[in-house]
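Each structure below appears as structure tokens.
Two complexes are shown next, each including subunit A; its partner changes from subunit B in the first to subunit C in the second.
Let's look at the complex of A and B:
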């Protein structure tokens, strides 16, 4: 197995800061660092997800001045996104079918995506709210990452692309047995929820009272969608000033009443339960239908931070039992 | 206490006094109770009451218009119900209040940070508004599950600390806090008094504020919401508990509550005959202009 000492790895990362913009967890969020000493990966997950990097909450698309359009320079620098968890790394891949398409290419997303090396950190100690294994993934799933690090006492084991391993000076070494042990232990701690046939089950529930019955508790705030690493809904807004302005792309949430509010005054998702239904359907029915993947990676942020404990894991179980 | 809540909930459902009972059940994660809506008498067994019932259930009442609703209510929840009645949002006759005297709720986040469990926790983990609560008993109820407990006078030492700071220091502190805001509006949705059909942030003609994260917008949102609660806030703390970014929203609302108490000797939601603070003029009021 490929192996490198932590010291050597961090030294190398520090050296690379000149050539690459390096983004990493700093407390609650992911920020650009100028030195590895600024890193803080204490807890498991940053409160704000990886999408804050790949798909910022507010992004300027272009501006205008006295009637003249001015393009923005999309940053084109090589970057490293370091220290996120495997679920957050996989979450970035769930954005691809929406933003990285030939039909509707999104240059803002595409440039960042193409320029970024994703280095994730496996989870030796998953949290009680984690349920990544439900998606056939796990605390050491390297898909979605260019390099996955496995933290040992003094070393990192590395799984990933050959050239990235080389870039950080990984060498052939022992560790398969230890890794298997760590992985098995970690996976045991993660709740695995049955998702078999969930798409079809949801199809069957669409015209029933199911969502109305379970929706009472949800207060329709946007905490789950904004902390979700896979939710990508946005709103386009012009910030107008006297002589000019900017066109912004801001995160939006299907939980909000005005999300579907039409100019005519009609709102097709006026009732709270319809908005909650949309969120569940998008993740577990429309995503599988359109892209053959789930719109959820099981990071558990929505479970931890929901003000009223509307637990998506429990909802999946209710869907399973309703059929 | 829990037995009595369950028995009463079961009775009022069985006798058809209410269609649904709103209460708490055990949550799916540690140190959390979660709102539950009981419609069948046999489900009343799910109801619980403990130190982790941190949401204000009055928030849900407007969803059940036209129905008879039972609700498990402590001091602040009952005050929110009173306010909703005063403001014409719900009818007293449609609500059956199972009153629960309350010694305060514990801060789940603080406990988790310090690795505390239910067994080794003490009162220093109470939420700040619970610690200084002056209405621990329901102010209105149809059934009381236990003897009333002793009330303490309203105290605001947390607000006084901030008042000591210079205006510049206060402004810096305020900005640091609210710039964590991601505008998910969990505070608004958790608040029993934030029920506007269209919130001022959602109005786009005129556009009061933009959708981005310009500091002025985030500050305006947080201040604007707080001001809309002047004389209406029942100090339940639901907003701050709901905030995923842990913004200290109560610094604003408790300051307003303190001012309202000192300037007008008014506390929101104590009596259904009370008039809304901003809807009433009294000759004792400090302002001269209206006399």
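Let's look at the complex of A and C:
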């Protein structure tokens, strides 16, 4: 197994800060760091998900000057996204089929995606809201990362692309056995929910009262969608002053009534239950149907931060039982 | 890489109000640099007014015309901005987006076009396309209604089409100042009333093309044959709701009824997430769907 001492790794990361923009967890969000001493990766998940980096909450599409001449600035800098968790790394991959399409590629997302090395950190101590194993993934799933680190006492074990391992000076060493042990222990702590046939089960629930019942306590605050690492819905708005303006892309949420509200007054999803149906269906029915993947990675943020304790795991269980 | 979010600059070549109350405005656009893109009738564009935003509008001109026409109802921030435009002003344009009407599938078939209000825009595009390629298509019947005569779009062209032998045009209006409820008398001189209780029993005299009725009633009265025919429908939700049963009664199967839908949209390219009906995006997979496709989707439209 590839192995490197933590000290050597962090020194190397510090060296790379000039060559790359390095983004890493700082408290409850992901920010650019200028020195590894700014890092704080003690907590498991940052409150704000990885999409804050890959798909910022407010992003400039283009700007114009007084004469309405349009100028496009797409940041083009090699970056390292360090220290996010495997679920957040996999969440970035769920954006690909929507934003990386042949017909209409999204240059803002694509450029950042291509320029970024994703280094995730396995979860030795998963939280009780985690349910990543339900998706065939786990606390040490390297599938969304260029490099996955496994934290040992003094060393990191590395799983990932050869050139990235080389970049950080990983060397051949022991550790398979320890890794298996850590992995098994961690996976035991994660709740595994049965998702078998959920797509078909949801199809059957479509014209029933199910969503009305589950949406009763929801207050439509949208926290679940803003903190969800896979939710990508956005709004496009203009900001203008006398000397020019910007067209911005801002996060939006399917939980908001105004999201689908048409100027004519018609609103196809005016009832709460239709919006709830949209959110659940998009993640567990439409996404599997269209792209053969779930629109959920089991990070548990929507469970932790919902002000009315709406628990998606319980909803999945209800869906399983409703049939 | 082509950036699908950047509007291309276009100039307003013609701007005029379409209705007497100035609620509808028609603008013709041309790109400042380069020719107009190729498109299929039924596709739409995003029109941008920098500082106000952008909104989707169906293309009302045909691919054979050398301008892009849009007719816009004044309703919100962007549409008000468009209403302020004059000849020579610049706008931004993105498109064409969406699938458009199935013009290839319609070849060799009879076509029944049903429309209400200012949803007629993309159908003007379709009708001009059909007339341009007249020998490829069978009979063309157009049933089009609005509340008042001045709310019927493109009246000069409608007058021309009324005179043509290779297209049957039926128009209707349903509103008269001071009237309450359905009208049993002409709403305006020259607009024949129809049998309201049993519209299908109305006898339509040859040459009479203007009626006082709602669109579904007129469809029922005209009774266009479903034989070898496709129906293309675009209108407000309430019109669609009452027109579908009439078409079904005449015998149109759901796979031969095509609908053009509207949704709130931002990106127009299947990313921003709001225009979906089930797993289909109206902007990318639509806006034109057959009734058969819609029946498979959740009832969110």
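Definition applied: the second predicted complex is superposed on the first by the 321 of 323 C-alpha atoms of A that agree within 3 Å, B and C clash if a C-alpha of one lies under 4 Å from a C-alpha of the other, contacts with A are read in each partner's own complex, and residues count from 1 in each chain.
Everything that follows uses one rule, which is that contacts are C-beta pairs under 8 Å (C-beta built on N, C-alpha and C of every residue); 3 or more make two chains touch, one makes a residue touch a chain.
Every value quoted in this text rests on a predicted model; they were computed, and no experiment measured them.
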{"item": "Touched partner set for A:274, first subunit B, second subunit C, both or neither", "value": "second"}
{"item": "Touched partner set for A:72, first subunit B, second subunit C, both or neither", "value": "second"}
{"item": "Which of subunit B and subunit C A:235 touches, first, second, both or neither", "value": "both"}
{"item": "In the superposition, subunit B vs subunit C on subunit A residues touched", "value": "C"}
{"item": "Which of subunit B and subunit C A:263 touches, first, second, both or neither", "value": "second"}
{"item": "First, second, both or neither for A:314, with subunit B first and subunit C second", "value": "first"}
{"item": "Partner chain(s) touched by A:101 [first = subunit B, second = subunit C, both, neither]", "value": "second"}
{"item": "Which of subunit B and subunit C A:207 touches, first, second, both or neither", "value": "second"}
{"item": "First (subunit B), second (subunit C), both or neither touched by A:305", "value": "first"}
{"item": "Subunit B and subunit C footprints on subunit A, overlapping residues", "value": "235, 237, 252"}
{"item": "Subunit B-touching residues of subunit A, taken from the complex the two chains share", "value": "28, 47-48, 57-58, 128-129, 216-217, 219-223, 225-227, 235, 237, 239, 248, 250, 252-253, 256-258, 272, 303-305, 307-311, 313-314"}
{"item": "Complex interface listing, subunit A residues touching subunit C", "value": "61-62, 64, 68, 70, 72, 98-99, 101, 103-107, 110, 206-207, 232-238, 240, 245, 247, 249, 252, 254, 259-264, 266, 268-269, 274, 277-278, 281-282, 285-286, 289-290"}
{"item": "Complex contact set, residues of subunit C against subunit A", "value": "1-7, 50-55, 75-76, 79, 90, 92, 237, 262-264, 266-267, 269-279, 298-301"}
{"item": "Complex interface listing, subunit B residues touching subunit A", "value": "27-30, 32-37, 55, 59-60, 63, 180, 182-186, 188-190, 198, 202, 210-213, 238, 241-242, 244-245"}
